[in-house]
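Some notes on the structure that comes next.
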Amino acid sequence: MKFRVSCELEYTLYDPVTFLFVLHCVETSDQLLLSESLVIDPYIPSEEFIVPGGMNRVTRFTTYYSGHLRVSYQAEVSTNTLIAPSNLLSNDSPQTFGADVIPFLLPSRYCQSDRLREQAYEMFGHLMTPHAIASAVCSWIYENIAYEMGSSMETTSAVDTFLHRHGVCRDFAHLAITFCRAMNVPARYVTCYAHKLDPQDFHACFEVFIDGLWYIFDATRLVPMNGLVRIATGRDATDAAVCTLFGTPELTLSSVFCECIDPDFVPITREDLIQRNEAIALL
Amino acid sequence: MKFRVSCELEYTLYDPVTFLFVLHCVETSDQLLLSESLVIDPYIPSEEFIVPGGMNRVTRFTTYYSGHLRVSYQAEVSTNTLIAPSNLLSNDSPQTFGADVIPFLLPSRYCQSDRLREQAYEMFGHLMTPHAIASAVCSWIYENIAYEMGSSMETTSAVDTFLHRHGVCRDFAHLAITFCRAMNVPARYVTCYAHKLDPQDFHACFEVFIDGLWYIFDATRLVPMNGLVRIATGRDATDAAVCTLFGTPELTLSSVFCECIDPDFVPITREDLIQRNEAIALL
Amino acid sequence: MKFRVSCELEYTLYDPVTFLFVLHCVETSDQLLLSESLVIDPYIPSEEFIVPGGMNRVTRFTTYYSGHLRVSYQAEVSTNTLIAPSNLLSNDSPQTFGADVIPFLLPSRYCQSDRLREQAYEMFGHLMTPHAIASAVCSWIYENIAYEMGSSMETTSAVDTFLHRHGVCRDFAHLAITFCRAMNVPARYVTCYAHKLDPQDFHACFEVFIDGLWYIFDATRLVPMNGLVRIATGRDATDAAVCTLFGTPELTLSSVFCECIDPDFVPITREDLIQRNEAIALL
Amino acid sequence: MKFRVSCELEYTLYDPVTFLFVLHCVETSDQLLLSESLVIDPYIPSEEFIVPGGMNRVTRFTTYYSGHLRVSYQAEVSTNTLIAPSNLLSNDSPQTFGADVIPFLLPSRYCQSDRLREQAYEMFGHLMTPHAIASAVCSWIYENIAYEMGSSMETTSAVDTFLHRHGVCRDFAHLAITFCRAMNVPARYVTCYAHKLDPQDFHACFEVFIDGLWYIFDATRLVPMNGLVRIATGRDATDAAVCTLFGTPELTLSSVFCECIDPDFVPITREDLIQRNEAIALL
């Protein structure tokens, strides 16, 4: 699927600020960059680097003036998002995971899988495969956590969301990751552009490692699962923030856009997948 | 300095368990392995790997029997631990840190620097250099947190320790790292063998990144700063645990030993450093 | 001082709801009710009671229909709010407090004085009298906690506010009470109407027990200290909520009004008191 | 049932301490004091009072010397503990509870029923009566929370226990009260002497208000339900501590004893009650 994505962020600057932006789409085996541009206005020299052990493309620069800053990114991207088939059986285990997968089994800032382990076993302990666990986690969250703008804060963690039962996409992803890790299923956070997300904004979902591959999951059901364009990947929102700031600028505008420009685009929703599974189960 | 270190861990096994041990001393520019051996008794095939983006040497194996397991490690190591000189000025900033340093500026599971940022600025905001901040953080923790065996749990985080004012070496390190990161000073967790730690056990301290190097700090003042032998390094105890378990064995014995075998060993304590600084300040 | 106060609350009802309203001004030795009326529209039989050990006037009724409900209260009240003089010395101690004061020394839902005890001693341990402690607590909170609408939630407690450094009047009062209790100074929560509070709303402040009397304090400095009309008193917001609900109605309108109608009203602000103290100190 | 109870507490004193002891058994319609004595050694003048709105008998005194203190209490008590029959139907609701019951519907320091409301509805929302709710809460806690000495701290609250799944009698009672209140079932904390509790110590359980009476429940199943002698009652451990201290003495001995001295004593256990219910259900 081909997507056109863009974002525009405007800031008012008072003091020097170091910005670490992660706005670029990444290139992976499932995602191809057709074209892209990043404009920093006024022009400020910047560097781009990738944090070791990850794939996020970080753009870093420091402003030393007072006034306005505009950062604009646009790209055309072709994706082939990996959606787990329903009959995905797997005997993955901590014994076989590659070294690069191990960190995604462990608790992180917003995903305290050590604190929700008992709860996870109680709810998902009867399930036999990583796919079944991740699917059940998504269903439970979708049915029990109310999606509500403004219901959480930057410091909100999975434990808070589990108790409070409210959140936004970030909180849905954190809680899902936490339950998966608590069940020894590797899970990681994904920040993305999302096709026709309403209202348009950055989106967060998560991936689960099954049989050697990372498959996308999204407990919010807000966008088609094949409508995601990957920006950043990490243990949780800490590693995958679109902007990490050192300084105190004021964000005055944030505008995000993502649309599939493929005429053949047929959205695949979680409901489709569930129906398909049920159809298979009936055969 | 030359050290002889060893540890012996015994478990009773009931069900299959996957063990990820990090007991090996690492080899770095400051630490040379002279000899080492790891014995798993009874013999179980194991693999060793290093988690990408880090340096910890992980030994992984799975047990499928009921009964006893003994894991013994011993090594001779030569170290040259990097202790920060007191006149260490630095204009490091988020603008100049290398990509591999960035993760150690961000909050992690047990080091919620986002939640203690205001508190850190209130206490340490007047200090001008990373070295001054790290030193003041160590002093504050040493003076205000009571070192008390059994006063914390596995889930205890820096926020808990800050409020409760009790902890062990792990908690001291977590809180120190948290304050440093909140002040934009990169800090990471170090698990180590420690010369004549009383009672003998694994030890935890932390490192601070100044002017391109990672310097050791230890808020507990329990061991000489040149008496540490590095085992594992990470964002916090999550990444640097000596044993991560998948299963439910019973630990029946844990015995750790570390001694400097260099006849010329002159312990350097935090108090020495403080006196030296004061002497310099008086000149 | 004479005040005219009123409030109007409108709800849309879907299912049966039991309401416990505490909107009535109380009568105390410092506050005289000149006139009042409470209208429940449509008419629903209600009962009024006072919770034992307290003074709050609770109005309870249950609705069994779907549709609209309007509750209106208005009153004229004469007050003589007890403001602590700056030279208030006292040798109060847990040995002498009356039995009815003891509960206000203990932690409560939103005032976890047991968790902030060490912090309180560190900040206020050098102060000798309850008045000095309460004054210093108010100053610290005013200077360090940002008053920001929407920055806290219903479940926000004093520990959260202390770490996060943001809140509204409820959070200011909870944190102040917590620090006082941690210092063994009895403190309680007060819900009130407040003269020309901008925007008009219910207000929260707190009282401190010194030398046998409860004196009003307010860390927000939003309204004159002699501009408060007491509605409810309790351990924290739990006991002193204007409305406790059993059911799920929708609040569609909340309108509160309070104005001093005494032509001689001279507002007394915290700044006045501080200046007065400094003037006395200079003599 | 007749009980002989006693306790002996020894302290080493360094600085002045104000003690608030609640060691006396209370007299209620279900509990009769046959004899009692309290000895403070060395003799120190003390006063006894009852906190308004409660029934706890508080003994207060202040020590001004350094050295040893021994407090001994013994009593003979006759009880007729109110155990809820299994067929207890009730249409109690917030509309009908007496004013003195209302506080026990609200959250308190260690019983954050506001934070566990959603969780409680998920687990117990299908149950129709207070008795069914309280019974199910006890069963869930007994089956899911591990009773483990030393697994909790003084600051541990119901939310902690729910997540951590470990605790002692205090934590069991706090979590049970929290779930009940979250379901709008009034519940309160009870500190008691307990027949042949092993090891002998003070015990904590809770009461639930059904049809105008407070019935005893105990999720620990450690002692017979008719083997409890009531010391203190309150919202949670805050109000019902056997000793509240102002000062820093060292507790050097704590010895508690409780035994039924009635030759006809037939212990009634939770299992008995469950069997009885099942027998009734089979009829």
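When the chains are written out, they are named A, B, C and D in that same order, and each has its own residue count from 1.
Just so it is clear, contacts are C-beta pairs under 8 Å (C-beta built on N, C-alpha and C of every residue); 3 or more make two chains touch, one makes a residue touch a chain.
Quick caveat, the model's predicted, so the values are computed rather than measured.
Comparing the contact residues of chain B and chain C by number shows a mostly shared set, over half of all numbers used being common to the two copies. Across A-D and C-D, it is C-D that has more C-beta pairs touching.
Separating the centre of chain A from that of chain C, both taken as means of CA atoms, is a distance of 43 Å. Inter-chain centre distance (chain A to chain D, centres taken as mean C-alpha positions): 47 Å. Between chain C and chain D the centroid-to-centroid distance comes to 31 Å (mean Cα coordinates, whole Å). Each of the following residues of chain C touches two or more other chains: 115, 155, 164. Residue ranges of chain D in contact with chain C, taken from their complex: 18, 20, 49-54, 58, 60-62, 93-95, 99-100, 102-103, 106-109, 112, 114-115, 154-155, 184, 238-239, 244, 246.
Of all residues in chain A, those touching chain D in their complex are 115-116, 118-119, 122, 144, 159, 163-165.
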